[in-house]
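Below, subunit A partners subunit B and then partners subunit C, in two separate complexes.
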Partner chain A sequence: MKGGIRKVFAYMVRYRAAGLFLFIFCLLTLVTLVNPTFLEWQNLRDIAVQAAPICIISCGLMLVLVTGEIDISVGSMMGLLAACMGAMASLSRGNWPPGVVIPLTLGIGMLLGLLNGWLVAYAGIPSIIVTLGMLTALRGVTELIMAGTWITDLPSGIRFLGTGTWLGIPVSVWTALAVFLVSLWLVHQTAIGKRIYAIGSNPHAARLAGLPIKPIKVFVFAWTGLLTGVATLVSVPQLSVVDSGIGVGLELLVITCVVVGGTAVNGGIGNLGGVLCGVVLMTMISTVLIFMKLGEDATYWSRAIQGLFILGAILADHWISNQRKT
Partner chain B sequence: MKNSTRHYLSIAILLASITAFLGACAPSPSESSSKTSGEESGRKITICLIPKKKGLPYFTSCAAGAQEAAKDLGNVELIYDGPTDGSPDKQASMIEQYTLKGVDVIAVSPNDPDVVAPAMRKARAKGVHVIAWDADAVKDARAFFVNQASAKAIAHGMVDTMANDLGNPSVKTEVAIVTAYLTAANQNIWIEHMKTHMASEHPNLSLVAIKPSDEDQKLAFKVTQDIMKAYPEIKGFFGISSVSFPGAAEAVRQAKKTGQIMVTGLATPNSMKSYVKDGTVKSVVLWNTAELGYLTVQVAEALATGKLTDGASSFDAGKLGEKKIEDDHVLLGDILVFNKDNIDAYDF
Partner chain C sequence: MKQRIHHILWQPETFLALLVASLFGLMGQLDPAFIQWHVQRELSTHAWELAIIAIPMTLVILTGGIDLSVGAIMSLTAITLGMLFQSGCPLPLACLAALLAGILCGALNGWFITRMQVHPLIITLATMAAYRGVAEGISRARPVSGFPSSFAWLGQGLWLGIPVAGWLFLGLLVVMLWMMHARSFGTHVYAIGLNSTATRFSGIRVDRMLLAIYTFSGGVSALAAILLVARRNTAKADMGMGMELGVITAVVIGGVSIFGGRGSLLGTCLGILLIHETREFVSWHWNRDELNLLALGALLILSVVFQKLLRHKRATP
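For the complex of A and B:
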C-alpha cells in the first residue's frame, strides 16, 4: 500500500506540475465541501469555456518562453483581432460571411505574430521591447478601427463560434482540445519542437550545432499570433458586444498561467501538462471564491485571497520539485 | 555579443533623443502662465475634456454634445482626450501634460478620485481651471462638479426599476450588483444609496453579492454566471456600468433565464437593444449623455471667462436653459429610462 502511494507520488514528481495538481485537488475538495454544487456539469462546463481561450494562447506563449523570449502583446492583439473580426462580420459594417471572416482573422493574427518574430529574430530588438511597443500600438489601431463606438450586431454565424455546441460540448472547448493535442504533437513528435527546447536551454550550443535559430523564433511568435486569432474567434463571440477594451490585461493572465504551470522565464523548460494545470487553477480561483459564499463583505479582500492562492500553488510546486532533487 | 551591445546603445540613444524632443515641444511653465493672465476678450478658450476611458460609446456621445456646445459658444477650442484603458495613473499624467500645454480649463471624469487629485491640484496651482464631470473628484481638487443626476436619483431609479420589473415582490428576493471597479467613486456612491433605498422602500430585495467587473465585459459575464450558480434563488442583477450591464445580460440570456431573472442598470441604448427586445432586460436607466457633455463645456467656458464664480446658485447653460447649482454641483436634471417602446429612438 505504502509502496503504491510512493509510486504515484514519484510519478507525479517526475512532472513539474505535481504540486500544482495537488493544490488544485485540495482546492476542489474544499470548495465542494462548502458548496457541492461546484461540481455540477453546468459549472464545470462554464469554467471550461472560460479556460478555453486562455489555454489556446498559453500553448503558444509557452513555446515563446521556452525559446527564452517573451510576448506581452497578446492582449492588445486579441483586442485588435476582435475589432477586425467585428468590423468584417457586423451586419451594419462589412457583413462578410464567416467563411471569409474566419481565415482573414487567423491570417491577420499570424501576420502580427510574424512581425513580432521578425523584429525579434532579424532586427535583433529584445522581445520585451518589441512586444511592449506592440502592446500600445495595437491598442491604438484598435481604437482607430472602433472609432469610439462598439459593434453590437454580430451575425449568428459568428456568434455560433462562441455560443454553439457540438455533442453537448461548446465549440471553444473542442477547439482548445484540438490546439492542445496539436501542441503536444508539435512539442514531442516533431524536429521543430525539439529544436525549440534546444535553443532555449543552451543558445550557444544551438548556434554551434547550426540550428536555424532565427526561423524558429519567428515560428514561435507567428504560432502565438495564429493561436491568438483562434482564441479571439471562439471567445469574443460569446458576448453580443465587441468593445474596444477586449483583451486588456490578458497578457498578464496568460503569462501567469504559463509561469505558474512551471515554465521557466529564462527559457529551456516548460511542459504542456503544467501549463494546462496553471490555466485551470487561474480560471477556477475566482469562481471558487464566489462559491464559498463569503458574503458581500468578501468583495474587498477576495483579490488578496486570489493572490495568496497563486503564491500557495507556486510554493507547493517548488516544495515538491525540491523533494525530487534530494 | 558586440552586436547586441550596439543594439542596446542605439535604443538608448533613440529613447534619449525622443525625451529631448518631447521636452523641447512642451512649453515652459512661465510661457503658459503669462498667457492666462494676458488679454481676456476675443481670445480662444481651450477646454480639455477628459473621459474615464476613451473609446466608450457612452463618452463618445457625451463628446458629441460637448462639440455642439463648443460650436454654439464660438470662442471655444475643445480637446477630447483620455486614457484608452481607463487607468487612473494615465489620467493623472494626461492632466499634467495638458497643464504644461497651457490649456484654460480641464474637465475630468476621474477613474479614481484619490489617484488623480494631486495632478488636479497641481493644475489649479498653475492657474488652470479644473472641474469634474460625470464622476466627482476630491472636493478641493476641483471648482465645480457637473453632475448628470444626483447619485440618489440614479440609485433610487435603478432600485425602483428593478422592483417594478420584478412585479414588486412580496417575498424575500435575492439580487446582486455587478459594478465597475471597486474604487469607482460614482458606483460606490450609487451602491450606498441603493442599499439604503432597498432597506427603507423595498425591504424584500436582499442584496447578496457585489462583484467588480473591472470594466471588462467578459469578467462581468463570468461573475454573473458564477453568482447565478452560487445563489440559485437569485432574481435580479444590477449592471451599474455600461460594460458590466451587457455582460450580465448576456450571461442571463445564455443561461436561458430570460424572464426569470431580471437585469437592469446603466448602459448606452445601442448595446442593450437586443436584450430589451427579447425581454432579458425591461428597462435601461441612463441620462441624456449629449446634454451632459454640452453642459460641461458651458460650465467650463463660463468659469474661464469669469461668468461663473464660486458660490453661484444657478447657471444659464445656453440651449439647456437655467440649471441649478447645489453645493458646487451643477445639476443636469432627471434620469432617462429606455424600454421597449422608446429605445429605438436613440442611436448611441
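For the complex of A and C:
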C-alpha cells in the first residue's frame, strides 16, 4: 500500500499536470457534493466558453516563457485587435465581409507579435520592457481608434464565431481544442518545438550548438500575437458592446494560468497539459465559489481565494522540486 | 581627466537631464502658462505617490528583483486605515496600523522570495492578487470616506510653499541617497544585482538584505496609500490599480537596468520627472489622454534603446 502511494506521488512529482488534475478533481467532487447542479451541461459549457480564449493565448505564452522571455502585452493587444475587428466589421463603419476581416485581424495580431519579437531578439531590449511599453502604447492606440465611442452592430457572420455552436459545442471551444492540438504537435513533433526548449533551458549551449536563437524568439512572439488574434475573434463577438477597455488585466490572468500550470519563468520548463489544467482551475474558481452557496460574501473574496490558489500552487511546486532533488 | 569627462558625459543621467531640460524648453515655447510655479505645484499632487514608491522600487530592481504587489499593498493598507477609522479607532493609530500592515505585506513577499527561492515576479504576482483580494473581501468593495479635514492636510496641504507629500518624498530620498552613497548598504545592493552568488560568498547576508528591501517596499507603499487616502478623502479597494506598472516604467526610464546592478536614485528621479511632465503636458495642452499612453509606451522603449547605445558609447571612448 505504501509503495503504491509512493508510486502515485512519484508520478505526480514527475508530471505536474497529474497533480493539478487531481486537485481539480477533488474540487469538482467537493462542489458537486454541495451542489449537484454544477455538473449540468449548461454550466460546464459556460466554464468552457470562459476558458477558451484564455487557453488559446496561454498556449502561445507558454512557449514565450519557455524561451526565457515574457510577454505582458497580450491584454492591450487584444484590446487593439478588438477595436480593429470592430471598426472593420461593424455594419455602420467598415462593413467588410468576414472573409476579409478574419485574416486581417489575425495578420495584425501576428505583425504586433513580430514587432515585439524583433525588438526583443534583434534590438536586444529585455522582453519585460518591450511588452510593458507595448501594454501602455497599444492601449493608447486602441483609445485613438475608438475615440470614446463603442461598437454594437457586429454582423452575424462575425458574431457566429463568438456565439455559434457546431455539434452542440461552441465554436470558441472547438477553436481552443484545435489550437491546443496544433500546439501539442508543434511542441512534440517539430524541430522548432525542441529548439524552443533548448534555448530556454540553456541559452549558452544553444548558441554554441548553432541554433537560430533570434528567429525562434521572433517566432514565439509572433505565434503569441497570432493566437491573441484567434482569441479575440472567438471571444469579443460574444460581447454586445466593443469598447476600448477590452482585455484590461488579461495579461496577468494568462501569466497566472501558465505559471500555475507549472511553467518556469526562467525558461526551459513547461508543458501543455499543465497549462490546460492551470487554465481550467483558474477559470473554474469563480464559478465554484458561486455554486458552493457561500452567500454574498464569497463574491467579494473570490480574488483573495484566487491569490491563495496561486500561492498554493507555487508553494506546492517548490516543495515538489525539493522532493525531486532528494 | 578627459576620460572622466567622457565617462560623465555618456551617463544615462546626463542624457536624461538634457532630455528633461529640452522638454521644459519645448513646453515653455508651446505653452508658457504651463511651466509657472503654481501650476507645476498643483499638478505635482498627481505624482507624489508614484514618486515615493519609485524609491524602494529602484532598490528592488537594482538587486535584480521586481515588486508587482505595490499597488495591491496600497489597496490593502488604505482599506486597513479606512476600516479601522470607521470602527472608531483614532486616526493616528489607524495610520500606524496601516503602516504596520504594509510592512507585514512586504516582509511576507521578502520571506517567500528568500526562503522559497521563487522568482520575485511570480511571488509578487501571486501576492498582488491575494492582497487586493483581501482588501476587497474585508471592505466588501465599499468605499470608506468622511475623514476629518485635518487629515486632508497630509495629502493636499502645503508647508513652506511645497506640498507635504513632496517633503516626505524629499526626506525619504535624502535618507536613501545617504544610505546608498555613504554606507556599505549601497555597494551591497549593487553587488547583489550584479552577482548574488558571489556576493553571498563574500560574506554579505544577501537574504537578510533582500528581506529588508522588500519590507521597506511594503512600508513605503503603505505610506503612499495614506497620502492617497488623505488626498482623495476616501479609502477604496481599487486604489493603486496599475500603480506597479507606472512605477516600474518610471524606474526603467530612469536608467535602472531591469536585470539589476545598474542605475541610480538620481536617474529614477529624472525618470519620474520625465514621465510626469510628459503626461501632464499632453493632458494640459492637447487634452487627450490616449496620446499620453502612446507617448509613455514609446518613451519607455526608446529610452531603453538609447541607454543601450549610451552604454556602448561609454565603453568605447
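FYI, the second predicted complex is superposed on the first by the 296 of 326 C-alpha atoms of A that agree within 3 Å, B and C clash if a C-alpha of one lies under 4 Å from a C-alpha of the other, contacts with A are read in each partner's own complex, and residues count from 1 in each chain.
FYI, a contact is a pair of C-beta atoms (placed from the backbone, for glycine too) under 8 Å apart; a residue touches a chain by one contact, two chains touch by 3 or more.
This one's a predicted model, so the numbers in the text were calculated from it and none came from an experiment.
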item	value
Clash or fit, subunit B versus subunit C on superposed subunit A	clash
Touched partner set for A:291, first subunit B, second subunit C, both or neither	first
Partner chain in contact with A:93 - subunit B first, subunit C second, else both or neither	neither
Which of subunit B and subunit C A:266 touches, first, second, both or neither	second
Subunit B versus subunit C as contact partner of A:143, first or second or both or neither	both
First, second, both or neither for A:119, with subunit B first and subunit C second	second
First (subunit B), second (subunit C), both or neither touched by A:318	second
Which of subunit B and subunit C A:256 touches, first, second, both or neither	second
First (subunit B), second (subunit C), both or neither touched by A:134	second
Partner chain(s) touched by A:308 [first = subunit B, second = subunit C, both, neither]	second
Intersection of subunit A interface sets (partners subunit B, subunit C)	124-126, 129, 139-140, 143, 300
Sites on subunit A touched by subunit C in the complex	70, 119, 123-126, 128-130, 132-144, 252, 255-256, 259, 265-266, 297, 300-308, 310-311, 314-315, 318
Complex contact set, residues of subunit A against subunit B	35, 37, 40, 42-43, 46, 50, 124-126, 129, 139-140, 143, 146, 148-150, 152, 163, 235, 238-241, 243-246, 248-249, 286-287, 290-291, 293, 295-296, 299-300
Residue ranges of subunit C in contact with subunit A within the complex	66, 116-119, 121-123, 125-134, 136-137, 140-141, 245, 248-249, 252, 258-259, 289-298, 300-301, 304-305, 308
Contact footprint of subunit A on subunit B as seen in their complex	3-4, 7, 11, 53-57, 59-60, 63, 84-86, 182, 207-212, 214-218, 221-223, 225-227, 229-232, 243, 246-247, 250, 254, 270-271, 273-275
